[in-house]
Amino acid sequence: MELMMMTMREIKEYLKTNQTIIIPIGATEEHSDALPLGTDTITAEALAKRLGEVTDRVVGPTINVGNCHSITYGFTGTISISPTTLISYLKDYITSLHYHGFRNFFFVNGHGGNIAPLRCAFDELANTLTNSKFLVSSWWLMEELKELYDNAGHAGRGEVSMILYLNKSLVKSKFLTEEKRPMPKYYVTNDLARKYITVTGIINDTQEGSFELGEKLFNASIEAMAKLLRHLEES
Amino acid sequence: MELMMMTMREIKEYLKTNQTIIIPIGATEEHSDALPLGTDTITAEALAKRLGEVTDRVVGPTINVGNCHSITYGFTGTISISPTTLISYLKDYITSLHYHGFRNFFFVNGHGGNIAPLRCAFDELANTLTNSKFLVSSWWLMEELKELYDNAGHAGRGEVSMILYLNKSLVKSKFLTEEKRPMPKYYVTNDLARKYITVTGIINDTQEGSFELGEKLFNASIEAMAKLLRHLEES
Amino acid sequence: MELMMMTMREIKEYLKTNQTIIIPIGATEEHSDALPLGTDTITAEALAKRLGEVTDRVVGPTINVGNCHSITYGFTGTISISPTTLISYLKDYITSLHYHGFRNFFFVNGHGGNIAPLRCAFDELANTLTNSKFLVSSWWLMEELKELYDNAGHAGRGEVSMILYLNKSLVKSKFLTEEKRPMPKYYVTNDLARKYITVTGIINDTQEGSFELGEKLFNASIEAMAKLLRHLEES
Amino acid sequence: MELMMMTMREIKEYLKTNQTIIIPIGATEEHSDALPLGTDTITAEALAKRLGEVTDRVVGPTINVGNCHSITYGFTGTISISPTTLISYLKDYITSLHYHGFRNFFFVNGHGGNIAPLRCAFDELANTLTNSKFLVSSWWLMEELKELYDNAGHAGRGEVSMILYLNKSLVKSKFLTEEKRPMPKYYVTNDLARKYITVTGIINDTQEGSFELGEKLFNASIEAMAKLLRHLEES
Amino acid sequence: MELMMMTMREIKEYLKTNQTIIIPIGATEEHSDALPLGTDTITAEALAKRLGEVTDRVVGPTINVGNCHSITYGFTGTISISPTTLISYLKDYITSLHYHGFRNFFFVNGHGGNIAPLRCAFDELANTLTNSKFLVSSWWLMEELKELYDNAGHAGRGEVSMILYLNKSLVKSKFLTEEKRPMPKYYVTNDLARKYITVTGIINDTQEGSFELGEKLFNASIEAMAKLLRHLEES
Amino acid sequence: MELMMMTMREIKEYLKTNQTIIIPIGATEEHSDALPLGTDTITAEALAKRLGEVTDRVVGPTINVGNCHSITYGFTGTISISPTTLISYLKDYITSLHYHGFRNFFFVNGHGGNIAPLRCAFDELANTLTNSKFLVSSWWLMEELKELYDNAGHAGRGEVSMILYLNKSLVKSKFLTEEKRPMPKYYVTNDLARKYITVTGIINDTQEGSFELGEKLFNASIEAMAKLLRHLEES
């Protein structure tokens, strides 16, 4: 059930028995020459919709563009909303839904750069809204996927596999490559991104993914997220 | 061609010969009990994608949620980004694309409440960016559709027809109704919205639309927009 | 009756029977070499004061500087408040008056660039204030003046006539000229303003105005505005 | 010479030999039942215009509404722009003029609550603009007027005299009164304003002013300000 | 009693009988080659702690960095928080304490550039908080120290003496010098700071201070502040 | 070496050979009835100063108050700076230092709620500053302390031990207690904090700490941080 496809009346009906909403949030960001710019959004949206189906919960409008202000900003095609703006945006988005009666906000996140702004937004809403819970699930960070994901990097094996599974035609196979190098434990200004982080747009990984791995990652994510959603609602 | 489905390399290639991007912007907003909350976004996105096809231009990520801070904010399901936040959001979105080389920004708009924030964003960018043009086309306001559209209102005949054409299953026919009343020439605070503007969520119109009218509106919009896009690039 | 000329006690008295305030908002902006930089403010203020007289309503302090962030910003003498700042300014201004009991806010606007920020401010106040109405009347856009105004442009026949009528000495006749060229349907960054919009500061018009036309425009404006003000209060 | 009454060409001419602008900034604020709400603005504007005449310098558009967020906010008719908004407003105002070539900014201030926001604005511009000077002259704080002004308070003898001199009809003599009480050295939240500061709107003074005192205060202010302006330009 | 050294339970206990908090606010700012960058903070903190001891009042966490956006920003080591950010910071700081029950806010200020932002913050809180008082005491501006302080300037005799008294080892005596020149009555942009204000980082003073003068200044400050604190609580 | 204790000249000297600064950032936040409100700041500051000593690097002014907008905001004594304000504050702080020549920013963090705002600030600076690196080390999250720290919670064994080691008198032993309960994986609004997270102010832990454990934690932190600092400078 997607909120954008439902009517006002249907949402009113839904809210009588359930106050949960699933919100996909991704990014529009370079993912090497082989993967589409929308990789994070495509993945988050697919996960959120499937999760909505298996749990019978409403899915809110996808947040297509996220915070990519560092590392990838200088790579062609990346669109970024600054953290401060994204915090305001999330606050407005959540506040509207809270006004209508939603209380459990389950974010299906596809992009690392969104985690800090999401946390900041929740903190700023903590004194303003009432009786609400916020949860962020980032598939590549889930305990249950640890072995499968195996520390894959940005635009690496994990994401290649996900996109192969979700929409194979979007993977430009002849440009699959790798960039393996030790990552620093610090952040850098963007003029240093190519020197310290990535030239190809891949962060410390190969791109040896597969449809099968994608399928496994996707299904394991859904299973883990469905469990988290029950945790959100029932604990 | 959708930017989110393309790779960094493909965008670089595109930019060598063309600096235009088409950007769909809609809203998630009550549209009576008969039309989906995503009516404005669904319409804007469909128009933008078709326009991208017929003109061979890149389409950016859809802005799914817009400014609905007045009138419909109090109707279940409406999600609104405040004008000030939306202005910041648009500035960040456009500035990223400008950084990569885009210069012609063609917005396909599905929602009246976005027009003022779009104008404000352009004004704030006018001193900051260079060599760029911004155009907003709102299908229901286009001269070429005047006769066809015939002053239809929010959630009225025009939008019913568009959604019947684009995705018939989203129209809940048994709730089609009408609300006809003289509209004031002023804005009101939201506590007065039902008294002065709308109870059903329809603004001064019937919902007597049709697939055929939708088809005509859609095609006429595409034709007019394609002309505008040439105007943007060539004049 | 001007609020700035009245005492606290007089305003208290006024509010007992009426909650309307008329607010003039203009701009300080180049108007070619022949018209004064304050053209928009002078016109808006004169209209507001006359309207206050004929309707016996209080007139608030004039907003002398508006949003001129695009097109004219680069022309000597233009002062501009950015849209985001102007929105905040309008919200503070209106909120103070609302706090004291005003409920009907009638803006007499002299400048196109203010329309979007005004709308944004009203939207942001729609959930915050209560029981209030906001109306913007821009004389050159009024249906009743359509024939008289005849699509005159910025610093063109219409404004020349208005200033001739209001304060003839401010029109530097020997610099009256014209700049006629097809206007684009898009906005441009300011580095393109002279190329696409105007070199003289006139936007697509001659400056063949007259005292008589000014008088007619002024009087027709007042008549139409007085009607609108009744509409604001009574409907 | 008022900038709003001058043309673009006249400002260009002026800037060839002088980069000074005089800017009146006042307030719209209760001044007891006897003095008009615009007392601070009326005074600042009159001083600025006269100063402009005697020094042959351009006077910018009056800032009619200032920061009255504390003490008087709760008194009918007071309109206040919050400090943060006023800082942004001043930055936009000054930045536009700097862009055109002005370098010496002489503020004629009529209201105490503007002093802190003015200073904050200058500080925020100090790293952004170049080669510029900012001066604030508040007539009632000038060393040269110390004896004449004799510690008069808000809406007290000094302001009564100024308005009697500038526009006698605006003083409602039958409501002239006094409120004398020891003032605290601290600020209070507005719910405590009547308890700690003022009930009548007068701050610790009588209202025993005179036209003659007003004339002296006005002339002494002009003399002192003209000296300050030379200091601004020449030192 | 320092709030940071106390437990939640101890603060609850304190609040049962007293709602006053003393807050030290300073700056990290060049103070010539002879005095430490933390001169203003060191002084404010020492005064606040002693004041807390003699009055048995709680001292809040020190605000180590203040507004130094003008004059000294370009001198090595100065750290500055912009006025607008500092206003937000102060509002958050005070609002938290108000939420817990504090009502009397006594700021011990060590830096001139903080005075305007403090006033702005109080003004913005005046309508939001209730039943509260705010007082700023800047030692070098106190009437009681006028004779002792004798118009000493930034990094001059007064501050040298204070630091000699508080922590002699921080004064690098061999770099003590002087810079005496007439000060302008205006503010300048930072590119003009060395030309109009200071080359050494001293503002119009010698550095002929002494431990004895420091002791006197410190003790006189404490005495005057203790009196002010009683005024805050009892009047 | 503390920047606040050094002179402008000493910082200039330092910058000739080193561009690193260590910045302690903590919080003023309830830590149960047994630990002081400044626990996070006291720890971060002590670690930063020791780190500065062992590495011979400059330590910047301590950021005493952090982001505690969720969970602990409602517990007496907590002072919180909102994430958005903290982001602005950090940007101003870092930008000043960058202006003077610092390029390696090593944050010693004592509080979990600061991690998201720090990341957001770095992201917003990534396009603005150049040639810089930012590193955040939060002692309780360091791999090297994993075994020692053993998943201790807020105000639990780990922090008790740290404060026993750093300043035993600040631990109010008779109020040492425990609160052990399963923690949710979601955030909650503050009205739910006591129901879902903590009643005592301890988050899922006992308070069975010791001086010895504190000493080990402290020393292990310093060792790990010194290694990280070399990584920051040399890799």
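First chain written, first letter: the chains are A, B, C, D, E and F, and each begins at residue 1.
Just so it is clear, a residue touches a chain if its C-beta (ideal position, glycine included) is under 8 Å from a C-beta of that chain, and two chains touch if they have at least 3 such contacts.
Given the structure is predicted, the values throughout are model-derived calculations rather than measurements.
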item	value
Any chain in contact with chain C as well as chain F	none
Interface numbering overlap (same over half, different under half) for chain E and chain F	same
Most distant chain from chain D by Cα centroid	A
Rounded Å distance between chain C and chain E, as computed from the means of their C-alpha atoms	46
For chain A paired with chain B, centre-to-centre distance based on mean C-alpha positions, whole Å	25
Residues within chain A bordering two or more other chains	73, 82, 84, 88
Successive chains along the ring, chain D then chain E then the rest	D, E, F, A, B, C
Of all residues in chain A, those that touch chain F in their complex	67, 69-71, 73, 82-84, 87-88, 113, 115-117, 119-127, 129-135, 184-192, 228, 231-232, 235
Partner chain A, residues of chain B touching it in the complex	2-12, 15, 28, 30-38, 41-42, 60-65, 73-82, 84-85, 88-89, 92-93, 96-97, 99-101, 170, 172, 175, 201
